[in-house]
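Here it is, the structure in full.
Residue numbering begins at 1 within each chain, and the chains themselves are lettered A, B, C and D in the order written.
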Amino acid sequence: MSGKYDLNKDLKKDVDAPVILFQGVSKAYKDDIQAVSNINLEIRKGEFVFIVGNSGSGKSTLIKLMLREIKPTEGKIFVAGKELGRLRRMGIAKYRRTLGIVFQDFRLLNDRSVYENVAFAQRVIEAPSVEISRQVPKVLSLVGLTEKFKAFPKELSGGEQQRVALARALVNNPVILLADEPTGNLDPKNSWEIMRLLEEANRRGTTIVVVTHNKEIVDVMQKRVITMNKGVLVSDNKKGGYLHEKM
Amino acid sequence: MRRCKTLFYNLGQGIRNIYRNRMFSLASIGTMTACLFLFGIFYFVLSNFQYMLKSAESTVGITVFFDDGLSDDEIKEVGNEILLRPEVTKVEFLSSEETWEQYKEKYLTDDLSESFGDDNPLENSASYTVYSDDVAKQSELVTYIEGLDGVRQVNNSDAIAESLNGINLAVGYVSGVIIIILLFVATFLIGTTIAMGISIRKQEISIMKLIGATDYFIRGPYIVEGVLLGLLGASIPLIFLYFTYNKMILYIGDKFTSVFSKVEFLDVDTVFSALIPISLLIGLGIGFIGSYVTLNRELRKIN
Amino acid sequence: MSGKYDLNKDLKKDVDAPVILFQGVSKAYKDDIQAVSNINLEIRKGEFVFIVGNSGSGKSTLIKLMLREIKPTEGKIFVAGKELGRLRRMGIAKYRRTLGIVFQDFRLLNDRSVYENVAFAQRVIEAPSVEISRQVPKVLSLVGLTEKFKAFPKELSGGEQQRVALARALVNNPVILLADEPTGNLDPKNSWEIMRLLEEANRRGTTIVVVTHNKEIVDVMQKRVITMNKGVLVSDNKKGGYLHEKM
Amino acid sequence: MRRCKTLFYNLGQGIRNIYRNRMFSLASIGTMTACLFLFGIFYFVLSNFQYMLKSAESTVGITVFFDDGLSDDEIKEVGNEILLRPEVTKVEFLSSEETWEQYKEKYLTDDLSESFGDDNPLENSASYTVYSDDVAKQSELVTYIEGLDGVRQVNNSDAIAESLNGINLAVGYVSGVIIIILLFVATFLIGTTIAMGISIRKQEISIMKLIGATDYFIRGPYIVEGVLLGLLGASIPLIFLYFTYNKMILYIGDKFTSVFSKVEFLDVDTVFSALIPISLLIGLGIGFIGSYVTLNRELRKIN
């Protein structure tokens, strides 16, 4: 691994730089759709951050920017002190391997079984077979899907698919975990179990960013809450609840 | 060890891909099969045709007449000199008596021919018929023979020789053009099939990339898949053609026994000793290059 | 339209039969996966019913059964007195046109714009062009997507897609509206607006069945609540809140 | 009114489908183009070849010799009777003097031929050469002529006639077989392309059905799409071939001027008056039937 792009190492070291840093970041999808505007944001190692806001306020766009699925039209994003915009193809791949991601629309591999979907994340980091066959069943049982390991995504209920996506994000003990609406299809009991899993990962040192609409969870957990509105970061509470709508 | 593991992973995934995308796999194999099947048929027609022309060529003769009163030994000498030419396959001698007999049979009534008695009005018509296996060089050969001592006149059927030569050239040209068109068409068809296959998996590839898979890692199974499909698509028509070739030539030989009775077809092994490696190479090449190029283009586009 | 399969007319008449009637319905996806077991259920015209329950408890399966997307392995389902299992291809199509459906995974037509997605439901019932161009913008403005009418599903946020799905379900003023998790990707404010829309449709006579995990909404709205657990209908409250988990 | 609206809707959606699924549309049109292009090339080769054979046939003559001492009038009578046969295109008379001249030129040295003086040893060798345009009927014609009064002998070059007839049959057979194979391959390729296209839209179709669209409603745009793609795929090779045909025959004529100088190619309009409707029908047919059948199968499978 070339030193230049080895965010992995940098991320695992206790460097002083914030894990994630947005500097005046804007993203316009087309000329007229400004999804996020001039975001300045700093997330430190080991933080647990909720991002909340109305539908269409730019939360998923923020996550996609962190993941470097898309590039900002203005401003810069730094992860562990390295600018994402400067990464080349190989560097991007390596960077993403240090992340765990839950997509709002799950994005499971439709022609692979639940087991293979989760194992895939491990294969990508070239984990040895022994570890894969030890780790995957463990994480599947954490999200309560032990019995479904053979099923294909189409044969799962909405909430089950969401939990597979979460298992995939957790299996590599990522440095940063980005979860876009990870409990949208889950009942309250399952939702709370997922939150417990995230808190546990957080305690082990993973930096966690969760986009959610679940007011109850945000209110109860009292973590840092970032509120978006129409693409603008309108509030950033160190310890807070779901902001009440202003309109 | 790690290389070995990667190879096994790629192989396993490639085979699984083929099975899981049966529709696409069938389409690719079918396209490849169809194209190489046509290719094989053409190869048959053309290789046999050229083989037959080659045989036909060797039956076109040049007639050589001698100076008046040339002795038998001198005539033999001329024959030997003609045989020195590499393209000459056979020299046949026809005495003046035989010529006269043939003539009588062809043109004269019995009464008329009897009126000649033992006279032979064609006393000086002894001749050699020279067969060569390369009509293209015939005029050169004629000049050579005309330059020999004791040769009075050389008659050659220019028309037939030129026709054969022309047909030979024409068949070569047309065959070349059709095979090139066929290869173009095949490459295009297989290219679009692969491109469609990849476009179906765009989603899948994009997910893999978002999880941190390198292009290299993603590419492996798809290339294995492409190569396997290519080889399969090349093997099917080969096997089919191999087992039907003999039937085909029997059938055709049977149908046109009157015309082709004397002409032999190439035997199965001769034809396939060239066709098998060519087809497999085409299959392998298109499968590998097709999936490699399309993948790279697609991989570059995503993200 | 042949009389035999014209559920539409039957549904619109004030017949005595319950709108939806399940008689001992079971559905097994594979031999070992019993998604719902022996369901007996009656929904009357004009009711507003919540279906709640754990992830994987068979809620979506119930909806799919009502929609006749799948057939029960045991038991019978009647809609307006007609057995769904007896419908032929044409009859099924006609039956579905009387429904409005929000799928858990949205199921928008990816290569049509938001406008076309909603208009499609109208084209299917062969609505005249004039009505389409009057009705579609109206319903899009109800769900707050007036500005997005030209966008394609991929260009929408999760919540926006969900609202398009709802607009499509509402546009025909359906006799029955089946909504599977219609607020899973929506913030509280939008969720409540959607619920108000559903209530309004209900007041106009539409029978409404909503699958949801949103405890707050269920608790506040005090409608009939059916609770599923592991494929079994465990409770049916005429007016109630989200049942607390038993385990 | 409603029918009209449906038609417009289907047309509009069909065209939009083609545009939105550019990849698939290009693949279908490409496949169709490729197949019909090959079909066109074959059609050229074969129709011209048969045309040329037909001309060649008409140059194969039968030689007719007469009974001793037949008068000129009687000979003319025989000629007229021969001309009664519909397949006979031309009858050429060769007097015995002309025959002798030709013979002398071919076989005798000047000295020898002078020794004959004005004698004509081939006094009875006057003959007709009869040309027909149907070698297949040649043996029948020979029997007919042999039965005529005053005819002593009929010589016909069986070998050439049979060869031509055989080649004719062979070309017909091979062409038939290749065209049938080609159509099979084309149908298969286009079928899989359409099937892949539909399988890409399986999701879309299933959504439409869940919303209550009837098979009839769903089918419309896809069939319009299939028909348009079929017609487009048939038109492209037609246009291309139309504008290159003259160049092709010029080029080939040029290359083989020595052989083909006398043989004429079919002109553009004759060839295309058949090729255009055939190609368009194939395009339309495959486009319509292909999408109709695949759709129905797919529609039946969903739900």
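Just so it is clear, a residue touches a chain if its C-beta (ideal position, glycine included) is under 8 Å from a C-beta of that chain, and two chains touch if they have at least 3 such contacts.
What you see is a predicted model; the values in this text were computed from it and never measured.
J.: Using the touch definition up top, find the fewest steps from chain B to chain C.
T.: 2
J.: Computing the C-alpha centre of each chain, which chain sits at the greatest distance from chain B?
T.: C
J.: Could you state the distance in Å from the CA-based centre of chain A to that of chain B?
T.: The mean C-alpha positions of chain A and chain B differ by 63 Å.
J.: Using mean CA coordinates as chain centres, what's the chain B-chain D distance in Å?
T.: Taking the average C-alpha coordinate of chain B and of chain D, the gap between them is 23 Å.
J.: Between chain A and chain D, what distance separates the C-alpha centroids? Give it in angstrom.
T.: Measuring from centre to centre gives 67 Å for this pair.
J.: Any idea how many Å lie between the Cα centroids of chain A and chain C?
T.: The computed centroid separation for chain A versus chain C comes out at 31 Å.
J.: Which parts of chain A, given as residue numbers and ranges, touch two or more other chains?
T.: none
J.: For chain D, give me the residues that contact two or more of the other chains.
T.: In chain D, no residue touches at least two other chains, as defined above.
J.: Classify the chain contact graph as line, ring, star, complete or other.
T.: ring
J.: Kindly provide every pair of chains that touch.
T.: Between chains, contact exists in these pairs: A-B, A-C, B-D, C-D.
J.: Considering the complex alone, what residue numbers of chain A touch chain C?
T.: Touching chain C: residues 29, 33, 52-56, 59-60, 104-105, 155-160, 162-163, 180-181, 184-191, 213, 215-216, 242, 245 of chain A.
J.: Under the definition above, what is the set of chain B residues touching chain A in their complex?
T.: 2, 5, 9, 20-21, 203-204, 207-215, 217, 303
J.: Which residues of chain C touch chain D once you look at their complex with the stated criterion?
T.: Counting only chain C, the residues touching chain D are 67-69, 89-90, 92-99, 101, 103, 107-111, 120-121, 123-126, 129, 168.
J.: If we count contacts the way the header does, which residues on chain D are in touch with chain B in the complex?
T.: Interface residues on chain D, with respect to chain B: 23-24, 26-27, 30-31, 34-35, 37-38, 41, 45, 68, 99, 103, 106-109, 111-112, 116, 121-125, 152, 155, 162-163, 165-167, 169-170, 173-174, 178, 181-182, 185, 188-189, 192-193, 195-196, 199-200, 252, 255-256, 258-260.
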